[in-house]
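After this come two complexes, each holding subunit A, first together with subunit B and then together with subunit C.
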Partner chain A sequence: MFYYYLQLGLHSLKRNPLLTALMVFGIALGIGTSMTSLTVFYLMGSDPIPWKSDKLHAVQLDNWSADQPYRAPNEPPDQLTYLDANALMQAGKADLQAAMFKTVWPLQPENPDVKPFSSLGRATYKDFFAMFEPPFKYGQAWDAAQDKEHARVTVLSSGLNEKLFGGTDSTGKKVRLNEIDYTIVGVLDKWQPRVKYYDLTIGAFNDAEEYYVPFTTAIELQAQASGNNSCFESAKPGWEGYLASDCVWIQFWVQLDSPAREEEYMSFLNNYVNEQKKLGRFARPLNNRLPDVNEWIEAQGVVSRDAQIQVGLSFAFLIVCLVNTIGLLLAKFMRKSSEIGLRRALGATRGQLFMQHLVEAGVIGVSGGLIGLVLTVLGLTAVRSLYKDLNNVAHLDWFMVLTAIALSVAAAVLAGLFPTWKACQITPATQLKTQ
Partner chain B sequence: MEIRPILSALMRSKVALVLIGLQIALTLAIVCNALFIISQRLQLMGRESGINEVDTFTIGSLGFGTGFNVKTSIEEDLAMLRGLPGVAAATSTNTVPLSNGGWSTGISLKPQQRTSSASSAIYFVDEHGLDTFGSKLAEGRFFTADEITFRERGDNTWPSIVVITRALANRLFPGESALGKQIYLDNEGAPQTIIGIVERTQVPWLGFASDEGPDAEYQSTFVPQRISFSNFGRYLVRTEPGRRDEVMKAAEAKMAQINTSRIVREPRTVEAIRAETYQEHRAMTIILIGVIVALLAVTALGIVGMASFWVTQRTKQIGTRRALGATRGSILRYFLTENMLITSLGLVLGTVLTYGLNYWLMANYEAQRLPLVYLACGVVVLLLLGQAAVFGPATRASRVPPAVATRSV
Partner chain C sequence: MLKMNHLSKVYRTHLIETHALRDFSIHVREGEFVAVTGPSGSGKTTFLNIAGLLEEFSGGEFWIDGVDVRGMNDDQRSRLRNEKIGFIFQGFNLIPDLNLFDNVDVPLRYRGFNAAERKRRIEETLSRVGLASRMKHYPAELSGGQQQRVAIARALAGSPRLLLADEPTGNLDSLMARGVMELLEEINRQGTTIIMVTHDPELAARAQRNVHVIDGQVTDFESEPQLRVPAQGSGAAVTA
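What follows is the complex of A and B.
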């Protein structure tokens, strides 16, 4: 029966190709636009590490000036001072913890054919790898002892390993960064978090780092961070003065395996700050925070306002397209009034007619949805060329493809339901009389 | 044209009336608000930075290790750059306007002041700074060569003179001349005397210190120092008109040549830097224009489709009217008037939706109230669009021969 209805539907659609094209095009355009904006919106804000995002927490301590908050109304800084980062690392009260900052160093390859280039890296602790789980291709992270003794060791990204060693196992070999030789202990597999949530201070959608070195080593070498640095008062002169200052420039993440651990850690932080208050620091009221990954992404405004507005407008656009299709479909079915009347008179039930026309509406919806999916792919290509930094974000995944199909079928049924119902209300007698 | 018969005919197909009306209403709401956003973005992107963007580029160097002497390397580079054929001026600088990175600080008027009086971007430049930026000096003077010092790493003191922009001067000393007055870049340090005022130089960040008013994006301070962060040196070069791209290549090659214990960072034109900073606004503009065009197309095609349907459905009725003496013109007018009525009803609802959408944008995205002129434009555009869309089907209707009336009765 379905096949027969499908044939009838196709026949009816073929009779009026222009009107059919108009309806399909309308749905396709609406689906394409809304899916493009929805994909960008969803991927910008979606959980980058769903299996443990509730266990990973950014640490925020409010060490800012008594006179004004870091950010209105009463936001604590998004980074820590060296003093506090170091104290929290020493205490080691979390299940895993890592202080970190961004570095840009010149990389001087041994191979004379490769010119020296500046390379983006991260100074951090060994727990970084256990917390954020970048996959290792060769070797592993450095260990706690190497953290402690400021070892000259490094973990490379797969991209950098490809560039320097042609993708072979380079563990045990050396790489020269800013005139210092580091021994390679591990090489990562391809790893590019969609949102670089562990450091949002310099753009949320940047490329991942090319190398990782121990935090302690970078501090010993007096490496200035290449990220954000904020001070509410001038530091004392020199490197030691900077380290002892209330300037914030270090990101700090902890892993806490249960809500109970989270509570414990929070009370540890509060005790720590209260102790510091006795030493004359932390002039503001207690305002420590432990946002998890999703709360952090939300609080740091990763999803741009423009992306949100675009979603709102594109769905309004989809509604216009649907209203448009409802009108055209209605016109089409009404035009067939006499045919419907005839079929009714020959014994077709309302239910059968309803199914028949719903199938016809469905054909329009599904083809509109499929073309819409193609338009979505084109739309995302356009988004990538318009926003260079969204290269890692604006891609369809399976979830979004399924959403697109579900959305277009729902849209088509929604658009088809009313005209179909209306068509079934036709009484055979009046139609036959006018014949 | 008598409206009553048209109205009563319309009332017999309420559903179609509602559908077209709703479509027009939503279209008006989206088009007006999108146009408003577009015009605001265009205004934002059209602002002048106050510097010469056409003939300028930045170039930088990153030295290797602790043995690298940044201070002499900067001096050598500057001497080389200034000697290059085609270079009009060159300065060391920590950043340039619109580059989205740099140094900002709160400025105080008194020592130990608790909250600062104004926020300002800091440009560390030498005596060629003003000439290279291409900003205009409004009052006083710029720095001389012997006033330029090198800011050693970890040194937190400030020189005793600065040059500030007019926007910053107005903010710090409203209604009086700032020239010769003293400010504190560090409220615990020594004061700085303002020796010159520059007409206009934008800060590196869009939306800088927006709580200090729209002019805050022009609150800049020039400091007579050369500075380096971890062996970075950065320069801004202004070339003779039309020679930028050629000089850029030459400068990169020459810098790589005169000192090999470093990396020369790829030169970038200020135009490219500006484009990158305004990228999201440009993208938003293009996307919204696309949405408006698509929306108007869909709505117009929808009207064509519905009108064609009506014409076909009423062929007999039209034929009868023609047989009874109606002219072609009056049939045409009938459909045009009918469309005008439907569109107008839609536009009334659309006005409510437009301000509803505007209210949502104001509540959630700090948008401003939509000026009436956008609504007026939208109304006119949609009325014209409706008339244009219905014109084809209406013409077809007017060609229905009176004989049709006799055929199937």
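What follows is the complex of A and C.
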């Protein structure tokens, strides 16, 4: 019977093309609007590395001033000092660990046709690649010895490799960054985490870096971080004074492969801070944190309150569209009352007619959903062109496509319930004479 | 085939009560062709609607083909209607955007027949009313008489035991009316019981028995007529 109902539904839609178009477009508009905001919202907050997000932890140590917390009510800083990052790296207590900071260096291409340009990079340790798993196209990450030796080595993004070497295997070649030649040891394949969770200090949705160099090399070369730098008291003058200060500017991530390892590491951090307290640092009560990726994204407010309100408003708009559809469906089904009466006279039960009209509402929902998807794609295109920083999250994936269709059908069926029920209350006898 | 004993139907509003049928008794035997006549508002259509299980009654007893209708729920009534009763309406009541094949198909769909069985029945009944060649036509492409023939085919497709006709020729000119009437007579000769509501004394005279209704009561009941011998099918003569 479902196929029969489907045929009848399509027939019915063709019967009143204008009314049908109004209903379908009403649902499509509601779906397009709500799905656009929902997609952005969903991708903003979705797990960027689901297979290991519970194993990756940001390290937070509360080295802030005794007078006030880093952020109310009692949040520790979201970055570490060089002193602490260096100490944690030296201790090497996690399964994998990497201190890191953002750099923006001028890049001088060998090719004279390509003008020098400034390029976004990251100074980090070799474990960065094992922890965050960017895919390699050529070569591999540098090794521990190269970290130790402050080697002049680099890993390029596929985009930069394309720009400088036409996408060919450039491992072994040199690239000149900030007037120093680095040997390319690896080239990444395309990699763009939806949320740049490992460094949320400057834009959660920025592009991934174009090159990676050893942290130790960058420190030796006294490379200033291009990210946030926060101090609660002035640092002593000079580079060494800055490194010895309580200014926080380094992101620190560890991989801990089990809850037991997590406990061990937290205990290690607490011991470390207690030792530092003896040296006159860490004036605040013990307040170390090890949030995993999703906890980190939530705590850092990646999904803003504005985005939540926007989703709420767009769903309110969907409800307005549904109310409109309820009215139109009611008018449509009431116009069919003589046919409904006739079908009752010919033996249709109320249940059969109820199903028939729900399927008809469902057909409107699927049509509205498909057009709504097109509107969603247009909406996301508009979002991308208006907000460049949302470039990486304003994309429709299969889950959201299916969600849009399901939402649309559910919305249309919901809108169809009352008109359908109303239509099934028609007394056949009163309709048959009036036709 | 159809038996009503002291049936009543009362329409109530908060101001008045209208007795559409009162103490209404009738017994229509299998194979009969009964014409129900009476002035407008006498209760003919109410009787037909109750007979067709399209309306509930307020009191009394009612059997169709030996089945007591009292206490049946809406689904049970729908199924009984689908299996045992065919309707022919004055206004034909065809669905305009379905072709003839699909119009005749409607009751068969609700009956749950498979596609092959439905096709066989549709082709057979449309042939029977002389419209087999126009299966893919739409109602608007047919004359009134042809549309009524399609409605008759639709009523017959499910092989009902009882055919209820409400002014079946009321919207037709005399030539077409005669054609439809001849078709109904032929259907009756083949064994189907027919109850026809009509204003037309000439048509009523062609029925085997006339029931006259005034003010919701049967006033003139031509009882116990000799029934026709079915032309084919069941074979046995049916007597009152």
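Throughout what follows, the second predicted complex is superposed on the first by the 421 of 435 C-alpha atoms of A that agree within 3 Å, B and C clash if a C-alpha of one lies under 4 Å from a C-alpha of the other, contacts with A are read in each partner's own complex, and residues count from 1 in each chain.
By our rule, a residue touches a chain if its C-beta (ideal position, glycine included) is under 8 Å from a C-beta of that chain, and two chains touch if they have at least 3 such contacts.
Quick caveat, the model's predicted, so the values are computed rather than measured.
Trainee: Name the contact category of A:365: first (subunit B only), second (subunit C only), both, or neither.
Mentor: neither
Trainee: In the three-chain superposition, say which chain, subunit B or subunit C, touches more residues of subunit A.
Mentor: The larger set of subunit A residues in touch belongs to B.
Trainee: Touch check for A:328: first (subunit B), second (subunit C), both, or neither?
Mentor: It touches subunit B, and subunit C stays clear.
Trainee: Determine, under the contact definition given at the top, whether A:15 touches first (subunit B), second (subunit C), both, or neither.
Mentor: Second partner only, subunit C.
Trainee: Kindly classify A:77 by the partners it touches after superposition: subunit B alone (first), subunit C alone (second), both, or neither?
Mentor: neither
Trainee: In the overlay, answer first, second, both or neither for which of subunit B and subunit C A:45 touches.
Mentor: Touch partners of A:45: none, neither subunit B nor subunit C.
Trainee: Of the two partner chains, subunit B (first) and subunit C (second), which one does A:345 touch, if any: first, second, both, or neither?
Mentor: A:345: touches subunit C, not subunit B.
Trainee: Determine, under the contact definition given at the top, whether A:180 touches first (subunit B), second (subunit C), both, or neither.
Mentor: Once the two structures are laid over each other on A, A:180 reaches subunit B alone.
Trainee: Which parts of subunit A are touched by subunit B and by subunit C alike?
Mentor: none
Trainee: Once bound in the complex, which stretches of subunit B touch subunit A?
Mentor: Those residues of subunit B that touch subunit A are 15-16, 19-20, 22-23, 26-27, 29-30, 33-34, 37, 62-67, 114-115, 153-156, 186, 188-189, 211, 229-231, 262-263, 265, 276, 279-280, 282-284, 286-288, 291, 294-295, 298-299, 301-302, 305-306, 309-310, 312-313, 357, 360-361, 364-365.
Trainee: Can you tell me which positions in subunit A touch subunit C when the two form their complex?
Mentor: Residues 1, 4, 11, 14-15, 338-339, 342-352, 427-429, 432-433, 435 of subunit A touch subunit C in their complex.
Trainee: Going by the contact rule at the top, pick out the subunit C residues touching subunit A in the complex.
Mentor: Per the stated touch rule, the residues are 45, 49, 52, 54-55, 74-75, 78-79, 81-83, 87, 89-91, 93, 95, 97-98, 106-107, 109-111, 154, 158, 166.
Trainee: Taking the touch rule as given, give the residues of subunit A at its contact with subunit B in the complex, in rising order.
Mentor: Listed in rising order, the residues of subunit A that touch subunit B are 19, 22, 25-26, 29-30, 33, 67-68, 72, 104, 106, 108, 115-118, 178-180, 223-224, 226, 233-239, 241-242, 304-306, 308-310, 312-314, 316-317, 319-321, 323-324, 326-328, 330-332, 334-335, 383, 386-388, 422.
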